[in-house]
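Each remark here refers to the structure printed beneath this line.
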Amino acid sequence: MSILTAILWRLAKAALTLLAIAVLNFFLLHAAPGDPAVVLAGEAGAADEKMIEQLRERFGLDQPFYVQLGKYVGGIVQLDLGYSFRQDAPVSQLILDRLPATLLLTLTAFGISLVCGIALGVAAAARVGKLSDSALTTLALLFYATPLYWLALMAVLVFSVWLGWLPGFGYETVGAGLTGLDRVLDILAHLILPALTLGLFFMAVYMRMTRASMLEVSQLDFVKTAKAKGLSGPAIRRRHILRNAILPVVTLAGLQAGQLVGGAVLTETVFAWPGIGRLMFESLAARDYNTILGVFLVSAAMVILFNIVTDIVYRIVDPRIGATA
Amino acid sequence: MRYLKATTILVAAALAAPAFAQDSGGRLDIVVQPEPPGLMLGLVQNGPTQMVAGDIYESLLRYNTDLEPQPSLAKSWEISDDGLVYTFHLNEGVKWHDGAPFTAADVVFSADVFLRETHARLRASLAYVDTIEAPDANTVVFTLKEPFGPFINAFETGTMPIVPKHIYEGTDFANNPANATPIGTGPFKFDKWEKGSYIHLVKNEDYYVDGLPHLDEVFYRVIPDAAARAVAFETGEVDVLPGGSVENWDIPRLAGMDNVCTTGKGWEFFAPHAWMWLNNREGPTADKRFRQAVMYAMNREFMKDVVWNGYGKVATGPVSSRTNFYSDDVTIYNHDPAKAKALLAEMGYDGTPVRLLPLPYGETWQRWAEAVRQNLTEVGIKVDIDSTDVAGWNEKTANWDYDMAFTYLYQYGDPALGVSRNYTADRIKKGSPWNNVEGYNNPELDAKWANAATLVKPEDRMALYTEIQKEIVDDVAVAWMQELEFPTIYRCNVQDLVTTGIGINDGPRNAWIKK
Amino acid sequence: MTQPALSIENLSIGLPEGADRDFAVQNLSFAIEKGKILCVVGESGSGKSMTANALMGLLPPGVTVKGGKAVFEGQDVLTLPETEKQAMRGERMAMIFQEPMTALNPLMRIGDQIAEVFAAHNRLTAPERRKRALALIQEVGLPDPEKIIRAYPFQLSGGQRQRAMIAMALALEPKLLIADEPTTALDVTTQAQILKLILDLREQHGMAVMFITHDFGVVAEIADQVIVMQEGKMVESGAAQEVLVTPKHPYTQRLLDAIPTGKLPAARALGTVPALEIKSLRKTYRTGGGLFKPVREVHAVDNVSLSVARGEVLGLVGESGSGKSTLGRTAVRLVTPDSGQVLVGGVDIAALSEEELRKERHKVQMVFQDPYASLNPRQKIISAITGGPITRGIPRDKAEARARELLEVVGLGADAANRYPHEFSGGQRQRIGIARALAMDPELIVADEAVSALDVSIQAQVLDLLRDLRSRLDLSILFITHDLRVAAQLCDRIAVMQKGKLVEIGTVHEIFQSPKQAYTRQLLAAVPGADWQRDAVATA
Amino acid sequence: MWKRFRTNIGAMIGVGILLAVILIALCAPLIYPHGPWQMVQRPFLPPMSVDGLPLGTDTLGRNVAAQLAYGAQVSLLVGLVSTIVALLIGVPLGAVAGFYGNWVDEGAMRFTEFFQTIPNFALAIVLVAIFEPSLASITLAIAIVSWPPVARLVRAEVMSVRKREFVDAARLAGLSRPKILMTQVLPNTVSPIIVMASLMVATAILLESSLSFLGLGDPNAMSWGYMIGAARTVIRTSWWLSFFPGIAIVLTVLALNLIGEGLNDALNPHLSRKGRA
């Protein structure tokens, strides 16, 4: 099975999964207490029956449940995520506005955690049993045990408030009128803290995994073969152990994508990062169903995307998959 | 005819303003929290929308910090002696942001058509209005069916925003695409809204008051986290923290910084008043003695000092001491656990737990509920805090599914606008969290409320309101907690930021930055 | 006598603390002549692989050389610094391993893995390396070198991989090739080919070979010299012919005796009542299938009919993939056939429903290959044995009494009952497995490679037990094995399978002495040491 | 096995910390009979500034030490119960999927994948918001988002165990399939499950604290996440309010991880590879 057909197959399955998620979440959200019309009316500072009636009619909440569901699913099939009455804009617009920020954050965090995690894992495995190995594994364990949000708070406190090195929140310096490279650098400066705090946890995960995997692979027969060939230690690690050891890490990374996207909710909240995680959290309090559903769908799609990417990486690294599947 | 003399003087002052050599230009970054759901003020009137859209839209009048009317779109006005006819003379040469001329027809359309349809709070006042007419392009006449004392307070931006007739007439108001790019007559024009990040307003070069506004642009910054907002102010990223945008504990620290000023002014029109609804219908709270016990059990001074960091004032009754018609001739409930216990013993409280619903508006409110729970626990009342988010809070209070619930409401300058709605029997209606949620039902008082609203003479009204306050405080219809104060924190070089009773909402109009 | 390629003197290798003995190898001395093949023979744990690893400098952590020297090309390789060892490995001393399946990097093309040897020693340019790799692939007899060079290990068969390994080892024309059981994991016919290849290469390159094996058959095929090791000590050494024909040390004698010699036992008279009848049995495995995957069909059992008479032992012989295991598993209905009948005592167990089957299960029992996987590690021996009878409705006390009895029968003693599997050795576990099968009073026992995983001497003991049981209990056994020599020892008749088909069936004597089919002849010829054993048959 | 565990220094440190946390949680009502909510002193007292308040007071003048002690109860309780619930969902599902294979497996794995596709923290937030924050809803939500890895692990283990010959032997003994699953297969998957469970408790504690931090905690139960969430706005002026509960979480989670690793090394040295799914 070629990579292309594999991806097509995955996408088809993904579409079904997404549809199922839409339906399930639709049920879940509508089971929640709280009426979006009442919330919206409430926020206006005053409300009477008439206003709530108007709002319910506009939201389509006066219709039977199955009609609402049908309409929603019908829209999803046509890639229409519905309309946010709370924000008075199409959900797809709201999400698209914020998606780049989330993608930037999660992908950077993913990249940092994967690259650094693997690098540190390799380094630790190469020094197994030595002090530097213990130091690295202990550090990883600490990151692993530290609540993300707490780390974020401490990072803001130290790097933004005390040292003043990095901006503590936001996506870019608003209204600075920066363009071109300046703007990119500005966004990067804003990105560092959130991406690092989000990435550290996963870096710890990948590092531990890489280390364990490296150690395990180094026990395998073909490593002995490589030694018997007269290859040097570093060459064996690079050419033989690493590639094989990375496979389980890649699998894990794909599986953890869901956690990464979930973690973004916390990070975005602490760092005022204008992404979809925050959008979801805010929409939840307002019972802005369509927006929450939209965010769920999009983030699930992101998870699937991460999975597909890791799948492709896996296929590229491991020649066996494509042939025997 | 009764002229409000202050008018002309102030207009003169405003026109003479450049003589004081305010510096022109510059940019103001103001925190807005939460992100407004929309900026079309005629459709959405929640707090954040009022704050941002208050620069874009205008109404006929503004109100100073003593709640006296000031000119805005109307340069002068008269009220007939019988209190039935309100005549407004509009400024000339006013233009909408899209260049179309503003006329009296816009006012008639806004008040009579648009807002009647969309604005629930104004609708209550408009019920007293018989006709709204425009005898000429610059005059609007409101004729009332019966006198309505507080009617002069109804011409505030958030209460009666004037919307462009040429854009909205004959359309589906709620779904008009123009809602995304609001067009008003105000000192600032809408430029850009980066959702989740900021709203950018730019100076209206054609503003009808010469020399205003001074600022070139205003950014309303969306920063969802209170701690991050504090950091933003500290690092100089924002210049103004409107009331309520940081937790109270942070205020002294921020206020103590160099070049930082605070003011408690700018909330007079709203006079936010906090209380706990005590469900008068069922459970222990249905017993007046229990409600009184709650009042005695609470150490509200302590809560004010600790939870609110000393800001505000313990409330004595339903009317805020900052608005008109406040009376202090009521029973004062001091912290007296012994009395509370005695009352509980008298009623035979059996330890039934009561649910306490905090207001889901952040840490302060949560702490407040925790402090109340602790106080009540100390006199033997078992309290469970109900946890919920904004939607759940709305749902529960609207459906009366609570025992005690925190809330706070604006008073809108007059008991007839902002107070009576919470206590009269005709406002006992499920589905809204902004009416007589506690279910207090006192027909005798209902009559007095109704009467007081329609009296023309302030002293007559005062007499009635004094009676009402005395009785209702004895009944403990709700547990009044505190007159809230939301200090505005800003850089001291920002001048003339808070000049009216609605503070920041129309503050940037006159604000300037000293260089 | 010329200078030997390698001479080892008083080599001692220490094991880490807590191991079952202090030394893996103790006071070992031997030499390999240039161009000669030395076989190091021993059972598992004899220290033969450790010796090889010590020479290569590939000892596992914790295992260290405690003394002695190994002179190779004038240097003591045991004391060389790591960099020089590294330079020596692959260039002057090369090694091939037992498991061709795992000894190659699964993610690297064969050509790259061969070329890497040159790269490791900074030889040649990239295109030259490729050319040499191609030549080597050709030399070790791999078909279609252009394709092989780009292939990944998983695309090659076991024999092909071992050839690729040999190509790597030969790349730099080493003076000494160490082969650590290189044919053990291979089928007999493949094994014969690889052995021939090693012999040929030795001829052409004149290198010395240290060949580690447990199989005296292999020794007979290729060895010039032999040393026999037991628990880290050399017990015997000498020329191959000498050791094979006139072993001096009792251990060597025991080993040689334990080897299924291929001396054919006298034929027994057999009954005619069938215990098992298999009729037109078919089983096809389909893999893949799905929207984008082509269906691959493997005809594991293709229209096979045979029968096992009551009291008979039928040997089912074939190479891996011949379908012999599938047939065996079908006979006990662990696998449900696609068509055909499996008649046990007249009942077609292939046609029973799950419920009915559970009542008939006891009629056919199985003894499994892997002594470590066939017993539940969390279950006491007694419950492993009584589980079946109790399910059948036999009262617990009766079942337990019988279980103890059976443990005596298989030579373990009744006190084994209350212990856990990990307390037993492999051979003992196989006995427990047999007791478990017997506890069900089966009409037929299917023994699926039941002795393959055992060391030769243990293998002999278990075979003795089976022989003993066969005569004492009049057992009917379907004995599945890849090893013709083993089959010859125990079986009355032998059935030969290839690619799912029954090739030939006949008495042991018919099969060994007058095989009718070419494949059978091929198999017989491939048995290592076949010639030597034929001599043995003659001398018996 | 216990011997191997005992020689693992890290694991023993973990056990020590965890025992201390458990002890504190159990003794909380004895040391602080008035509960964690009582306002005892002026607010924002720094640590060690007043006798009897070693960790200072919070925004309402409540004893931080008492809050920490009661918070330990909540963290441990939620961590433990949610893990048990997750196991109750994941183990049967994974076992059945792995043992019966075919469409059962296909269905169960699709279902699992489905849950793994929804970002788990987001799902937890929504679930808690819907059921309204209470210890029960938080526990349930954490369980619902954490069972999929259990199911996958158990499935993988069961699949590997069921291929072993003793399972065939059990079939030949005439045991029914459910009985084989229960008596032969599942007991052999216990060790990796134990290891995973110990790590899951740690993750659950982190999740609970994250939810509380976002204001989705049980308002009637003092928890560490709540303390940090409540203190974040005063982090500059009163660092100790968020620092101590943060340290408490780190230590507890670290302890559980150390124990998990120790168990892993002691019970099944090769879990790290099998357990990755």
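Note that the chains take the letters A, B, C and D in the order they are written out, and that residue 1 is the start of every chain.
Just so it is clear, a contact is a pair of C-beta atoms (placed from the backbone, for glycine too) under 8 Å apart; a residue touches a chain by one contact, two chains touch by 3 or more.
Given the structure is predicted, the values throughout are model-derived calculations rather than measurements.
*Asks:* So which has more C-beta pairs touching, B-D or A-D?
*Replies:* A-D
*Asks:* Could you tell me the distance, in whole angstrom, between the mean C-alpha positions of chain A and chain D?
*Replies:* Centres of chain A and chain D (C-alpha means) sit 22 Å apart.
*Asks:* Just curious, how far off is chain D from chain B if you go by their C-alpha centres, in Å?
*Replies:* The separation of the two C-alpha centroids amounts to 45 Å.
*Asks:* Taking each chain's centre as the mean of its CA atoms, how far is chain A from chain C in angstrom?
*Replies:* 50
*Asks:* Can you list every residue of chain A that touches 2 or more other chains, as numbers and ranges?
*Replies:* 32-33, 153, 161, 269, 284-285
*Asks:* Counting only residues that touch at least two other chains, what does the list for chain D look like?
*Replies:* As it turns out, chain D has residues touching two or more other chains at 129, 132, 232, 235-236.
*Asks:* Could you list the positions in chain B whose residues touch two or more of the other chains?
*Replies:* Within chain B, residues 225, 227, 360, 389, 392 contact more than one other chain.
*Asks:* All pairs of touching chains, please: list them by chain label.
*Replies:* A-B, A-C, A-D, B-D, C-D
*Asks:* Quick check: in the complex, which residue numbers of chain A touch chain B?
*Replies:* Those in contact with chain B are residues 32-36, 38-52, 54, 58, 86-89, 94, 97-98, 101, 153, 156, 160-161, 164, 167-171, 173-175, 269-272, 274-275, 278-279, 282, 284-287.
*Asks:* Looking at the complex, which residues from chain C come into contact with chain D?
*Replies:* 329, 332, 334, 358-359, 361-362, 364-366, 368-370, 373-379, 384, 387-388, 391-392, 433, 436, 440
*Asks:* Within the complex, which stretch of chain D touches chain A?
*Replies:* Against chain A, the touching part of chain D is residues 110, 113-114, 116-127, 129-130, 132, 149, 202, 206, 209-210, 213-214, 225, 228, 232, 235-236, 239, 242, 246, 249-251, 253-254, 257-258, 270, 272-273, 276-277.
*Asks:* Touching residues of chain A toward chain C in the complex: what are they?
*Replies:* 1, 5-6, 8-9, 220-222, 224-232, 235, 239-240, 243-244, 317-320, 323-325
*Asks:* List the residues on chain D that touch chain C in their complex, please.
*Replies:* That would be residues 164-166, 168-176, 183-184, 187-188 of chain D.
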